[in-house]
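These are the structures, in structure tokens.
Both of the next two complexes hold subunit A, though its partner changes from subunit B to subunit C.
Up next is the complex of A and B:
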């Protein structure tokens, strides 16, 4: 009796988790503007690149360490800049960012990336 | 020829002075060797001129301390000494190391040989050492008090310690081991793996419906801005390969104004056109 109750509660939990995930995906696809989806895809790309570099560092060792730091730091920084761009271009955040426009946010994004890439090129070695 | 020890001269003068002028007297002389945990390995209280026998072995891990009170024979009051050293003299080589004793309250003094001091000063001269107090006061004279012998642990240094002006021992430099490089195949596989998400990103964007159709509505400014941003990226790559900072900075400054102006024009045009 106790085992049946446990398995049924596990099934209910799994169903609820999958239900939540699918509902989230549907809501995201329906209600998120395309601009934000583009930025989200870019952010996911930055995460994947960072994780791959980290796995490589774990397998092959840290030498040369500065190159790993430059690459991983670049991925993290790109993610942060993209997150900021997303926050500023999200129409729902207009109250928090009353001044400025999405084009202004994009300008800041580009400027930050230029500065970042020079720093990374300097640190790569 | 060994130079005559300055500490020996000071000690001799102290002894001579103490016979002529009113002397310094010591009390509560305690020689202590402790474990790192705080347990006492050796503790001996002495009264002048007695010495201790069966002295302990001092290592970097066992703090060694000597504490004492100094007072004037003439007035009986606690004394602020002008010179308070604890000298450790190697009985074999004659090398000496003097540690200053710090004054506490009411004429009490304490000297501690810390681990760092042991490694930097005593570690290179192991063996039997005579511990002595070398005290001096301008008004009261001096005192030289041999407390006893201790054994300083450590490895004897290689080479002839007596040679002062001759050739030193040859130094054999040990180069750092070269870093272990990863397998070339592993590096190439991961280089390909890291490039793959970029293709996936472009594919996802295309699937989302990202296109360049709006570029035709405002071609000049947008294209020029992209060319200038690409120029900055190329400059970063050139800097990475060539590593010439000042020319790179000159190019950065040269590109800055056109990029700003073109960006301003392109983005304001996009706002005007409602893109």
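Up next is the complex of A and C:
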């Protein structure tokens, strides 16, 4: 009896978890603007590139350390810039950024990136 | 006339040739021998005659002779000196122990024999070389290992066998007791003992007492026998009883001290079963630089790639160091063969210390053995010293030093791209491309989202308006 009860509760839990995930995905697909979805994909890409470089550094050693810092830092900074862009262009955050426009946020994003990649290229060795 | 001139040159050449053959010592053959009186030299006739047959030019002199001097205008007059006058308070015309130390510092070799009645001069001279003679009037005594003399037992005449195993000084026949007729015979010794500094690396206690040897005084009893006096204090005993010690200075001059003049005398040479003659021959050959003289005849270092010695090396260069070593034995320079010759590259600390390998050669007439080492220089720039510092017991010191500069790589000497860093290059490039891709999507491919966004953007603005209105109300 107890087993059945636990299994049934597990099933209920599983269905509820899958239900949460699926409803989350559905909600995300339906209610998130496409621009934010693109930014989300870009941020996931940044994480993958950063983790790959970190794993490589762990396996191959820290030499050349400056190149590692440049490559890994580039991924981290891109992630941060994308997060900022997402915050500023998210319509739900409009109240927090009453003065800025999405175009202005994108301009800032571009300038930050130009500076970042200039520094990274210098630091790469 | 021409024929005469030719004969003259031939004669001159042959005399030069004979001269070179006769000089058996590697440094020179002028010997000063100081004895108490000229007549007493005959006690040591066998020893002195053996020196003459070995090609030495002996200048025999009484210790009291005031015309004796060791040098004129800073130039040594003798290459070697033998002091056989232990009781003399002054040497020659007021020569002090310091004069003999200076003589040794100038490269002269010194053989000193003293006896129980030694003067202050000898005590002071010994102290300069880490040798501390026992009080005047004392003897090295052994009640177990003594020799009979004239059917009288005299425990001061020791039959010493405790030789230091130093093949560079003592010939192998003496040490191993091989097939030679004089093999492993005792060395007869009658004289004073000395303390030696066991920790002094320059000093070799060549002949020391056995376990039953000690240093003490003697007295004559009513029957006329010599008896050992009572020992009242802890005497110098056993292996710490120094009998014969040799010393090699840092400038490769050699000094020997014997507490017994009798060791060199004819009666003890002539005794049956006496090992004195080969022992004295060994130490005199060593002291007068006839054997175990080591020298570096040549050395070089060069880049492995070019085979030439550069102005300066670069860090982590591959280079070769070579050194030629000869040893003087039996009247000739021979290749010195060893497996412990080490090279060091030093900048305050040794960065590299490697054992050099002997280059095999089929040339049997070679006078030097070549040692070589392939060395990768350290990843460190600065002024380095290449050094071979070879110091082995009984051999002359070889210390060869070169100061070389090791430079860092030039700015364009480094590799432009490192293989290990390729993932990082790719990573940062991929991030640039990602940024460009995002920008492209943002600018040209966001129509539907823009429409939707514009709708969404209306709402919060309406809310704001409502808020401001309620506030104003």
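Going forward, the second predicted complex is superposed on the first by the 113 of 125 C-alpha atoms of A that agree within 3 Å, B and C clash if a C-alpha of one lies under 4 Å from a C-alpha of the other, contacts with A are read in each partner's own complex, and residues count from 1 in each chain.
Methods note: a residue touches a chain if its C-beta (ideal position, glycine included) is under 8 Å from a C-beta of that chain, and two chains touch if they have at least 3 such contacts.
Because the structure is predicted, anything quoted here is derived from the model rather than measured.
When the shared chain is aligned, subunit C comes close enough to touch A:91, but subunit B does not. Contact with both subunit B and subunit C is seen for A:63 once the two complexes are overlaid on the shared chain.
Number of subunit A residues touched is higher for C, counting subunit B against subunit C. In the superposed pair of complexes, A:42 makes contact with subunit B and with subunit C alike.
Shared-chain residue A:105: touches no atom of subunit B or subunit C.
In the overlay built on the shared chain, the residue A:118 is in contact with subunit B alone; subunit C does not reach it.
Shared contact residues on subunit A (touching subunit B in one structure, subunit C in the other): 34, 37-38, 42, 45, 49, 52-53, 56, 60-61, 63-64, 106, 110, 117, 120-121, 124.
On subunit A, the positions that touch subunit B within their shared complex are 34, 37-38, 41-42, 45, 48-49, 52-53, 55-56, 59-61, 63-64, 101, 103-104, 106-107, 110, 114, 117-118, 120-122, 124.
The residues of subunit A lying in touch with subunit C in their complex are 33-39, 42, 45-46, 49-50, 52-53, 56, 60-61, 63-64, 67-68, 70-72, 74-75, 78, 82, 91-92, 94-95, 98, 102, 106, 110, 113, 117, 120-121, 124-125. Within the complex formed with subunit A, the subunit B residues making contact are 179-183, 186-187, 190, 193-194, 197-198, 200-201, 204-205, 208-210, 229, 232-233, 235-237, 239-240, 248, 252, 263, 267-268, 270-271. By the touch rule above, subunit C contacts subunit A in their complex via residues 418, 420-421, 423-428, 430-432, 434-435, 437-439, 441-442, 446, 448-450, 452-453, 456-457, 459-461, 464.
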